[in-house]
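To start, I am sharing the structure in question, which I have written as C-alpha cells.
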Amino acid sequence: GRITIAAAADLKFALEEILAEFRSANPGDVIETTYGSSGKFHTQIRQGAPFDMFFSADIEYPRLLAREGLAASAVQRYAVGRIVLWSISRDARRMTLADLADPAIRKIAIANPKHAPYGRRAEEALRAAGVWKQVESRLVVGENIAQAAQYVQTGNADAGLIALSLALNQELASKGSHVVIPETLHQPLEQGFIITRRAAGNPLAQRFGDFMGSPVARSILVRWGFSLSQEAAR
Amino acid sequence: MSIAARFRVDYAGFALDVDLDLPGSGVTALFGRSGCGKTTLLRCMAGLERGTGKLVVNGETWQDTSIFVPTHRRPLGYVFQDARLFAHLDVARNLDYGMRRSAGAVPKVDTAAHNSSKRAGIVELLGLGPLLDRLPQRLSGGEQQRVAIARALLTAPRLLLMDEPLASLDHARKQEFLPWLERLRDELDIPLIYVSHAPDEVARLADHIVVMEAGRVVAQGPLAETLARVDLPIRLGEDAGAVFAATVAERDAEWHLARVEFPGGELWVRDNGTPVGREVRVRILARDVSIANSRHEDVSILNLLPATVLAHAAEDHPSQVLVQLRVGETLLLGRLTRRSAQRLDLAPGREVWVQIKAVALVG
Amino acid sequence: MLSPADLAAIWLTLKLAGVTTVLLLLIGTPVAWWLARTPSWWKGPVGAVVALPIVLPPTVLGFYLLLLMGPEGVVGRLTTAAGIGLLPFSFAGLVVASVIYSMPFVVQPLQNAFEAIGDGPLEAAATLRASPLDAFFSVAVPLARPGFLTATILGFAHTVGEFGIVLMIGGNIPDKTRVVSVQIYDHVEAMEYGQAHWLAGAMVAFSFVVLLALYWLNPTGRRRT
Amino acid sequence: MLSPADLAAIWLTLKLAGVTTVLLLLIGTPVAWWLARTPSWWKGPVGAVVALPIVLPPTVLGFYLLLLMGPEGVVGRLTTAAGIGLLPFSFAGLVVASVIYSMPFVVQPLQNAFEAIGDGPLEAAATLRASPLDAFFSVAVPLARPGFLTATILGFAHTVGEFGIVLMIGGNIPDKTRVVSVQIYDHVEAMEYGQAHWLAGAMVAFSFVVLLALYWLNPTGRRRT
Amino acid sequence: MSIAARFRVDYAGFALDVDLDLPGSGVTALFGRSGCGKTTLLRCMAGLERGTGKLVVNGETWQDTSIFVPTHRRPLGYVFQDARLFAHLDVARNLDYGMRRSAGAVPKVDTAAHNSSKRAGIVELLGLGPLLDRLPQRLSGGEQQRVAIARALLTAPRLLLMDEPLASLDHARKQEFLPWLERLRDELDIPLIYVSHAPDEVARLADHIVVMEAGRVVAQGPLAETLARVDLPIRLGEDAGAVFAATVAERDAEWHLARVEFPGGELWVRDNGTPVGREVRVRILARDVSIANSRHEDVSILNLLPATVLAHAAEDHPSQVLVQLRVGETLLLGRLTRRSAQRLDLAPGREVWVQIKAVALVG
C-alpha cells in the first residue's frame, strides 16, 4: 500500500519516529509525509489535494472537513499539545508568564493568534496570566510556531511561547530552556486526524490510523511533549 | 509602362499632396529643398507610410482605396537616407538578407549561381570585399552607405528607390559607381526614383525630373526639355545646362576623341568606348558655352558651332544672363555676363558662333 | 550534505524552472511584442493586467488560483471537461501558477527591448522582402537579445526562488511538487539548519554559476552610435 | 468592507513600497549604470550577485537576514554600534530587506536601458561640454525612461506583493510592520475569506490604477529610425 | 598659432598613424576616400578615441603621454557624420544644450543677450525657426543635419570639427550656408577642420588641405600651392583649379562687376559687395580656362590675359591634358584636349592668351 500524509508541523519529530516504527513492522508499505500549516492543508484538501490522511494541530479543521463529507473516518483525537515559555538569554525554567511584564524583555515571540492554533493558545495564556496589556506592544508574531522559535533562536526576541514538541527538539533544547505553561491557562490544544475521502477503503490508511493508538506510538507522542487525554488513550 | 502615384499624407505642420505620372523605366530624379517631402514620397511608394492614395507600377496596382500591398510583397529596393544596416549581422549577412528572400523572384535560371556571381560583382564594384565579416558598428559612414546600396541592389527589385544614396561617398567612388548605375538603368529596364541634391548626378543619371516644394510637385518633365527651360524653377546654378541625344559617327584613336552628330551639327567629345552608330546622351553646361561673333581657329576650344540666339533670361546674380540658343534643331543654354551680351549685341535672332569648352557624354 | 530527497527536489526545481522559463518566453514574447508595437487603447489595461499578479502575496494568489483551478472553479471545470483533470497538486499546476506569477518579469524587459529597436530595422527588413513574422524572428528577436537575457534571468531565478504559490498549488508532494525552495523552507521550519544551509548554499552557488554564464554570453551591448 | 486595521496596513504598505522604490532607484541606478558601461572583468560576478537574492525562497532569505541583522549578526552589531539599534521588527528593517530582495527587478531593466542608449548621445553630450555626471542626468536618464518605468513598476509591485521576507523580518506588528500582503495572508489563513477578498480586491484595483497611470505616462516609445 | 596632432589608433584591420602640423586658424580640409580614417582622426582630436598621441591646439596641450583633457573640457564644436541629436529634447532644447553649458566660456559681455541674438542668427540662417518645437524623430534628414550644425556652432568653440556637415543639404541651402561659414572663418579666427567629399566646398572654404589614405597622411599643404600642383594626388576631376589672392580695385555699378588685381594681371568678376581695397580669394577652375594664340575681342569671354606655358600633365582621360600657366607671378591651370594642345603648339615657354570663362570669388 501507499499513502500520503499531511501533518501539522508541530507533529514532525514525533511522527517521523512513529513512522520509523511502523515501517520496520510493515516494510512493504510506502508512507510519504508533508508537513505544514493545518489551515493550508484544510484548504487544499477541500480543493482535492491528494492527501490520504490529515493530522491537524487544531481538531477544528478535520471536523470541518468531516462536516463537509470529505472524511472517510470519524475525527480522531490523537493528542493534546502543550505550550511552553522558551528563552535563550534567560533561564526560562525559573520564569512564569508574569515575568514577561518586565520591560527588559524587549520582544516576545508568538505564533499568529489569528490562524495558528499555538498562537491562539499563547494569547489565551497571556490574557489569563493578566499580562496581555503589558506585553501586547512587545509581541512579534511569526507565521507559525517555527518562525516564532526562530525569532528567539536568532536572538531577535528575548522569549517566546512555542510548542513543547518544538522545545524538546535537539536544536532548540541545546540552546535554551523552557517552562511548560499550565494547562489551566488556556483551552486545550486538541489535535485530531481523519482519513480523507480519497483514501476511503484504503487498508493502509486504516492500519496506520490504528497504529496511532498503539502504545508504541503513544509513548513516542508523550516523549515529544504531547499529552494524551482520556479520549486519545481509549 | 508607367508609374501612377497619388498620395496624401498629413503630419502636424506638413502635408504631402502629390499626383504624379512617371515613366515606367529609366531614372526619375526627385529634386527639392530639405524638408520638402522627398523621403515621405518614397516611403509612400514603398508602403511604409500609410497615407491615402493610389500607386500603380507598370500595370500592377500596389495601393488603391481597397488595396494595400504590404511592403514585403512589393518587389522594390530601397536605399534609405540613413543606412539602416542590421546591427546584429555582419556585412555578408546583411547583403544576403534580402538576396535570399527574393531568390524566388528571379526567373528559372540557376538562381544560386546567378546570385552569387551578381553578389561578387556588386561587392567588387563597391569595394566591400575586405568588410564582409565586419559588424556595421565597425564601419565608417561611407562604408555603411555602400553596404546599404549593395543590399538593396541584390534584391532583384522591379522598382528602385534611392534616397541620397551617394551623399557621403567620395569623389572617386562616385565616379566608379555612377557609370555602373547608368548601365544598370539601361540594362535592367526598371524604374529608378532617385533623390539627390547633387545636380551633376541628376543631370548625368536622370531621364525625368520631378521638382517638389513644400509637399507639392511644382515642375516635372523629361530631363532635356526641363533643363533647357530658361524659366526653370530648379536653381541648378553652376549646373544649368542642356542635355540632348546624339549618335557616335567617328572615333579618333590618336587623340582619343569621338565625333558625335546631332540634329543640326556635330561635336568632338572624349572617346568613352561607345561604338560608332550608337546613340549617346550629351550634356553641355551653360557655364561651358561662350559666344563669339566670328569663327576663331587658334583657340584651344575644340567645338565651334553656328547658332541663333533665341531668348535671354536673368540669372541669380545681376551681372549674369542665361542665353537660349538654337543649333540646328537643338537647344543650348549659355551663360555670360550682361556686359558681354551687350557688347556682342546678342539680340534674339542674331547669328553667332558658340564655343563649347567641355562636352560630357552622360549615358 | 544533500539527501536523496534534496536531490529529487533539485531535479524537480530545475525541471520546473526550465519548463516555466521556456513557457514564459513563448507566451511573454508575443505579448511583449504586441504591447511594444500596438497603438491600441488596450495597451495600457493589458500591460497593467500582466503586471498585476505580483502585487498579490504569493500564497494569496495561490489561494485564488487554487479556487479557480479546483473542482468547483471555472478553470477546474474546463480542464476536467477537457480530460486533463485538475491542475492543482500536479506538476502542470505548478507550471501554470509559476507562469502567471513570473509573467511580468519576462514581459516588461522584452517590451522595453522591442520598443528600443524602433521602426527602422523592421522597415528595412520589409523592403528586403521579409514578412512581418520573418522580420520578427530574423531582426527583432536578435536585436532584443539583452531583453531576452534579462527576461530569462528574472523569470528563471524568480521561479526557482518562489515558494508561496508553489506550496499552495503544489501541496508539497515529494517528487511531484516538492521543489528546492519548499524543501529549504521545510528544513528551516523543522530547524534542520545544517541541511538548510547546505541546500541553500548549493542553490546559491548553482544559480551564481548560471547567472555568470548568462552574463558572459551577453555581448557587451555597447554601440559606437 | 475594510477594517481600520486593513486601512492601517494599506497605509503602511504604500509607505514601504514608496520608500523602497525610491531607495531601489537611488541604489540601483548607479549599479546599473556601472554594469552597463564597465569593461571590467567584475561586471559578470557583480551582476550575478545582484540577481542572487531572488533564487532563495523569501522566508529563507528572511531567516538569513534575521541572523545577519540580529544581535549576534555582523550587521546587527554594526547597527547597534552605530546607535541605530537592531533592524528586525522595525520599518527600517522591512525597507532594507525589501530593497535587497527587489534589487534585481530594478537593476536589470535599468542596465538594459542604459546599454540600449549606446555611446552616441553621450559622446555628443561630451562635445557639448557636459561632464560625465551632467550627461548622465541630462541625457542617459531621460533616454532610459522606459527602463525606469519598468524598474519602478516591477520594484513597486514586487514590494507590495512580497510578504515572505516582510513577515519574517517584520514580525507582523500592527501599524509598524503589518503590511497589506501580510494582512491578506492572515485573513486567508484565518479563513476570513470575505475580508480577504475585499482587501485583495482593493489592492488589485488600486494597483491596476497605478499601473495604468504609469503606462499612460509612458510615451509610445516608437521611433521612425 | 598652430595645431600639432600626432595619433596612433589600432583597430583590427585598420591603423591610423598621423603626425600633422596644421595652421591654428582658418579651414583645414580633410580629404580622402571612404574608410581612410578621417572620422577616426576627428574623434582623436575630440578626445573620443583614446589612442596614444599628442595634441596641442594653439598652445594648449589637450593630450600627451601624461595628459588627457577629457572631451567635455575641450572647447570644441563637433558636427558628427550622423546628426546625433538628443531624441528626448526638441530642437530648441537641443540647441540650448551646448549653449548653456559653454556660457561661461564667453568673455564678460552680457552673455545671455549675446547668446540669444547669436542663436537667433543661426536659427534664421539654417531655417530652423519653424522646427524649434519638433522632436528630432519628426525631422527630415537635412533638417537633422542643420540642427546638428547649429548646435555645434552655438558652443562658442575654439576648434571646430565638422564631419561632412553639408552632405545632405540641398544646393540652395549650401549656397546660403557656405558664405556664412566663410565669414565665420574670417571673423572668429578659430581653426576649423572640415571633412568633405565635395571639391567645390573644399576649394571654396579651405586654406589648407590634408589628404589621407589608409590611415596615413599622403599630402598636405596650403590650398593654393597644393591645388596648383599638376601632380596632385587628389583626384579633383572637374574641380581641379587654382586659387589665389587678389585685391578689389574697382566696382562697376552698371554691370554689377568688379575688377580685381593680382600680381601680374587683373580680372573682371561678379561684384559680391566687397568694398574696394579689400583682399579676396579668387578661384579659377582648369575647366574654365581656354587658350588662344592671339587676342580675340569679339567673344563673350570677359577675361583675357597674356600668359606663359610652364608645364603639361596628363589627365585621367587620355584625350585631355592639364597645362600649368604663369600670369605675371600667379599660377593657373587650364584643361584642354591633347589635340588642341598639339594644334596650338603649347610647348613650355610659349606665350599665349588665356581666356577665362568664369572666375569665382570664394571668400
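Some points to look at:
Chains: A, B, C, D and E, in written order; residue numbering restarts at 1 for each.
Criterion: a contact is a pair of C-beta atoms (placed from the backbone, for glycine too) under 8 Å apart; a residue touches a chain by one contact, two chains touch by 3 or more.
Note that this is a predicted model, so its numbers are computed, not measured.
Minimum number of contact steps separating subunit C from subunit D: 1. Chain centres were defined as the mean of their Cα atoms; on that basis the chain farthest from subunit C turns out to be E. A straight line joining the Cα centres of subunit A and subunit D is 36 Å long.
In whole angstrom, the spacing between the mean C-alpha positions of subunit A and subunit B is 91. Centroids built from CA atoms put subunit C at 56 Å from subunit B.
Along subunit B, residues 82, 84, 138 each make contact with two or more other chains.
Residue numbers of subunit A whose C-beta contacts span two or more other chains: 40, 147, 150.
Residues of subunit D found to touch two or more other chains are 59, 63, 120, 185, 223-225. Against subunit D, in their complex, subunit E makes its touches with residues 46-48, 70-73, 75-78, 80, 82, 84-89, 97-98, 101-102, 105, 137-138, 151-152, 155. The residues of subunit D lying in touch with subunit C in their complex are 36-37, 39, 43-45, 47-49, 51-60, 63-64, 104-105, 108-109, 111-113, 115-116, 118-120, 146-147, 150, 153-154, 157-158, 160-164, 181-182, 184-185, 188, 196, 200, 203-204, 207-208, 211-212, 215-216, 220-225. If you check the complex, the residues on subunit A that touch subunit C are 4, 6, 9, 12-13, 32, 34-36, 40, 43-44, 46-51, 144, 146-147, 149-150, 153, 166, 169, 171-172. Subunit B meets subunit E in the complex at residues 11, 13, 32-35, 38-39, 81-82, 130, 134, 138-143, 146, 163-164, 167-175, 197, 199-200, 235-237, 252, 255-257, 268, 270-271, 287-288, 290-294, 296, 298-302, 317-320, 334, 336-341, 344, 346, 355, 357-358.
Interface residues of subunit A facing subunit D in the complex, by the touch rule stated above, are 37, 39-40, 107, 109, 112, 114-116, 139-143, 147, 150-151, 154-156.
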